[in-house]
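Both of the next two complexes hold chain A, though its partner changes from chain B to chain C.
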Partner chain A sequence: MKEGYKGLGVLMDAPDGPNAAIREMLRKGHERGACDAILVPMKVPSGDSYMHVLVDDVEMLDRAAPISPVLTVQGARAVTSLTRRGDEGVCIAAVMRPCEAEAVIELRKLFQVDLEHITIITMDSPGTVPLQDFARDPEEGERVFAEALATWDDSAMRPICQTCEKSNSAVGDLHLGLRGVQTGKVLLIPQGEKGLEAIAKLGLTPDHPIDEWKQASDKAMARKRGTRKANHEDLRKRASGLSGLLDLLGACINCHNCMRVCPICYCKQCKFDSPELRNTSSDYLDRADRSGSLRMPSDMLLFHMGRMSHMVLSCVSCGACEDACPTGVPVAQLFSLVAHDAQERFEYMPGRSSEEKRPLVTFEFEEFSEVED
Partner chain B sequence: MADKKKKEAGYEPKILSFCCNWCSYAGADLAGVSRLQMPANFRTIRVMCSSRVNPVYVFTALERGADGVIVTGCHPGDCHYARGNYFTRRRQALLEKVLEEIGFDRERVMLRWISASEGPEFASTMEEFDATIRSKGKNPLSEEVFL
Partner chain C sequence: MARRIGFFICECGPNIGENVDIDAVLNAVEDMDDVVLAARFGLMCSGPGKDFLKANIKTEKLTHLVVAACSPKQHELTFMEVCEDSGINPFLFQLTNIREQVAWVTKDKEEATEKTIRLAKAAIRRVRYHDPLSKTALAVNADVLVIGGGVAGMAAALRLASPERRVHLVERSSSLGGRVVAQGPIYPTMASGGEMATAMVDLVEGNDWIVVHRYSEVSVVVGFFGNFEVVVTGELEDGGTLETKVNVGAGVVATGAEVLEGKPLEDLGHGSIDGVVSSAELEAMLADGSIGGKGGKAPKSVAFVQCVGRDEVGYCSEICCMNSAKQARLLLEAAKGAKVHILYRDLCVPGRDQQAFLEGAVKAGANLVRTTSVEVGGSKGGITVSHSLGDGKAEKLMVDMVVLSPAMVPPTGTEGMAEMLNVELDPSGFLLEAHAKLEPMAAGIDGIYLAGSASGPRSVSDSIVQAEACAGRVLSSLIPGRTIEPEIRVSHILETLCTGCQTCLEVCCYGAIVYDPMKNVSHINAAICRGCGNCVAACPSNAISLYHFTYKQLYQEIVEAIR
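Here is the complex of A and B:
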């Protein structure tokens, strides 16, 4: 976890809860010229979902839900769509979860976003409600989420959130510490020059030690690491051997939704959607001849393995893939398991720093001698 | 029926070898012109550099029933493109990790450095890899239906 600026933050009043406090801060920031527009989640009019919206008129901020109960379009995708044509000098404050911000940083390394004038605001995340549960019963979803936000009990949140040890990571230029901060307050933690600049424009001075928040965070994250380990061990057992893996992925209907919603899968043309994988009937017949029969359409396992090898080192375990899966394949948990071990092998942590190079575009002269067998 | 019997009778492993244009392919060529004995069950795909081999190529080969895949390139420091094989090594490390995670026998893939002058090494590598694959038997993926 990155340290806040000299270990100091700003203790802000939040009598009406963290959402209202963030809205107030955004309004003030806009007023004082810290940003020209704000990218923030907002409830859709039908009330059954939330989307990132670009707010130009601050009056609209009343409807914003900075800490939304669900993760719909991954925030990094929203930022990409905003800055795809490059930076135009418009200052935008983007409010998102730590996992979304980590994906933004990965996309920056992949030249898919321009962060020159974007200030990212993150907050301690209590997790999010499974998307399909929320769509089925939004009212219940809101209730469950409000409870999780108040108590930090994540047992009703998505499985991937329950095992997320980075849900309190101060990734953004400004991070809002909520955990372990006294009731009715939030702790605003600035990071780097952008964070300090933003805080100066807000007319605030970092003077409150962040230790209490950090201790509470570290403790909670240690607990989550324990949950993750247990979850990974269980998953490894279920996915052990090829038949276990094929059972786990058995319900996959080749819709490729997981790829389409993945913030890291930015390619315009995915190899697995391309004509390259279209074979002739006799090719398939040959393969069917070998195994007796062949699932059609084929290449389900190849798609998952291939996508894994392409993006797993940058996987931030945001869980968008699992939310998007219509058949309930625990794809995010599987990818998170592989991601964890693969990233460990390369001593790489996606979203840690935008200066850090992605593992496959760099090398050391002496390394990985075990693969040269 | 006749086909099935034939299948069971003589198991010949199918091995795919990726050879880089500048070193390993020339090494293979040297092994050939030197008339060195080696198994005839590998098919070679020549690539300009070993780092050209995307892990997906290896997965595709395995999914489509190849029993083993070997990637060969110039020795570190000797890459025609100066640094390509260092990237290959990283790709291989990732590839093997992913295979290991999904419970696939990662010894079915191999990375070797073979220079243009190492004809005998090319032949012995193929012998060795063929023996490894033979001892492992058929690629389990070639018998799966729900791929």
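Here is the complex of A and C:
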């Protein structure tokens, strides 16, 4: 955990549930000058989806759903679009889930966001409802999510959420602990200087031990780790070898939606969309020659493996890719499996700290000696 | 214009001829697109071989050339010259190595032939996508950067500076002269070190071709022999800094050494017991007359303690024994009849004059005592020095002055200097020379030389020998008016694709990439880039490509090799 963390938080009243408590806190923060604007998920006017909205007028906060039932545009993408052209001193409080905040931190290392004046607020995440389920029946989606938030039963949440051991990670400058906290209360946990500063501006004093929250979280995360292990074991079998991989990705329609919604895919133009991969028909025929046939357009596998090799060390397993896949390819679960293994090899955890260098730009003299001659 | 590719396979005498079925290779490639000729020759790198190539290029009007022969390290340039002589751009050529990578290592002839065919086809396929590149000539910069304004740095600068060679002498402190300027007489001649250094300072300051940067440090060095780009950061009086960009062709590092401070000296009473001084403090006292001068003190008994901190640093500092012998002689002159003990562990008196000098000190009254351990304590009547004589016996001396001879250590900032220059450090923290015996004044990288104590404690005369050697290396190789051909197979960044993530900056070993915050893109300095390709591999956005190793070229080559 970051510097400034003292194992203490603020136990806040939340008689109307955590969403209302966060709205109230945001309103208070704005009033006291802790931020000039707020970036927060909000229900779209038609009522069937949620988007990150930059709120200038606090009256509008009534419609904010800080803990939204779905992950639509990844919060890190919203922060990128907001600060990509640099920081102009506008202080913004951005509310998002831990996985979104982790992606923000990764993008900070890649100079794609400017966090100078951004205060990130995260919360224990019960998971999110699969995007397509929600789109089909928003009412049912709302109901299922409300139940998950109340009971912490994640069985109706996205598969990637069910295996996410970081869903309670206190990533933000301020984190709201919900699990294991007494009913009608939330635990506001400050992290680092920014968190302490924000809490001071809110006129609060961290005086409540976070142990109970921590114990409940650790227990829940241990359970999720178990689920993940089983899930990964199964997936590893299914994805093994070229044919396994091709079967798993077989339904891919080359729409590249997974790349477009991925917060870590920040290139201006994806190499796999570029004319460089276009070849002449005789080249394709050459390739078809080898196994007798060639799927067209080609490079489906190359696209996924290329994208994987580019971003997997920074992959936070947010699941946006899987939500965006129109054909139900378990792409987030596959990427999460590879990400987990790859990150473990480098003892790297994306989003853990913005000071931690990415493995690609870290030189270790002694590394992977087992693959040397 | 249509491509007309000529493919040539070299038999390399029996080397390739006996291990590869060359005719089978020729058969396999002759029908490939754009191949108009496939031929063999006994020894392609020989005069007749080159003539054979030239003649065929002419008669067949070849536009591209592929040679299957030995390692590019050996003959790539040979065949590129043939191309140039025949009017083909030398980059429309590809050499594929079928000797080291096939004939010498693949025992089975059939397998070797198959491998050769793949490599030959890959090279032919690749060359179709080659672009002509034009070589550029860059005039060498004959100017030299000298870091450190002590005697070594000044000696190098004075030898190097001339109307056609400017020297930038960068000195961290306010004045030139280094450690020697504070010295009184120095061994073995007992001529004044201070006067000698001051005379050198005058020469440097009077030299129009030496630019002295005082209060300054070198903050950036990028580039290569003949073409270094340097940033000198100077401290201004108002506390600000001034960055001066300087271009040089070579650098001499003469950053000297410092004297050890702290615990090893404190353990022997330095700073807590009156009369315990360091050798540098004694030097100052002798110089300003507070010992021996009019009204100065005249100690009646003095103990020099040698090898202070030697165990901690792990090496002999080479100059302290002689320095103490010298100071003993000066003390004995200044304080007639004084008792002077030199407590040493091992005497270091190498060289022609040193032993006679030491004997002179003994003759003048210095008492040389070999000891294994020394303790210093304060007492009423003076200072107690207890030391053991090795064979279990101990001795106690009462003296009124103790002079500690501490080890010489690398100056602060050496690590940063090493990192900036890409020079290695030796375990003791000094800069490491390329070869202890053969190249003691060269750093591990071309164009950077080490003079004086920068690479370990050295006497004044050794420092000057090294400075002269550094100057000799520069003078004999960095000739004004000569040109170098910078690498043209370098990387370049496509601005439209660059996302400004600066990953390339982190992986560039040469400091060739800079980030432009206004445009939010990075740029490659082609004069500094060596074409290693690190940035190309690291760029997640496909924004960087390397001339002659483009994605297309590599892809086409691989397609054929693994078909």
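Assume the second predicted complex is superposed on the first by the 369 of 373 C-alpha atoms of A that agree within 3 Å, B and C clash if a C-alpha of one lies under 4 Å from a C-alpha of the other, contacts with A are read in each partner's own complex, and residues count from 1 in each chain.
Criterion: contacts are C-beta pairs under 8 Å (C-beta built on N, C-alpha and C of every residue); 3 or more make two chains touch, one makes a residue touch a chain.
Bear in mind the structure is a predicted one, so any value in this text is a computation, not a measurement.
Aligning the two structures on chain A places chain B and chain C in clashing positions.
When the two structures are aligned on the shared chain, A:16 is found in touch with neither chain B nor chain C.
Using the contact criterion defined above for the overlaid structures, shared-chain residue A:267 touches chain C, although it does not reach chain B. Contacts of A:240 after superposition on the shared chain: chain B is touched, whereas chain C is not. In the superposition on chain A, A:360 makes contact with both chain B and chain C.
By the touch criterion defined above, A:62 reaches neither chain B nor chain C. With both complexes placed on chain A, chain A has more residues touched by B than by the other of chain B and chain C.
In the superposed pair of complexes, A:295 makes contact with chain B only, with no contact to chain C. Residue contacts after overlaying the shared chain place A:310 against chain B and chain C alike.
In the overlay built on the shared chain, the residue A:110 is in contact with chain C alone; chain B does not reach it. The superposed model places chain C right into chain B at 23-31; the other stretches listed in 23-31, 95-103 or 131-139 stay free of clashes. Once the two complexes are overlaid on chain A, the chain A residues touched by chain B in the first and by chain C in the second are 271, 290, 310, 360-361. Taken together, the chain C residues at the contact with chain A in this complex read 496-503, 506-507, 538, 540-542, 551-552, 559, 563.
Across the complex, chain C is touched by residues 110-112, 266-269, 271, 274, 276, 283, 286, 290, 310-311, 358, 360-361 of chain A.
Across the interface of their complex, chain A is touched by residues 3, 7, 55-56, 59-60, 63-65, 76-77, 83, 86-87, 89-98, 101-104, 110-113, 140-147 of chain B. Residue ranges of chain A in contact with chain B, taken from their complex: 239-242, 244-246, 250, 271, 287, 289-295, 298-302, 305-306, 308-310, 312-313, 337-338, 341-342, 345-346, 359-361, 363-365, 367-368, 371-373.
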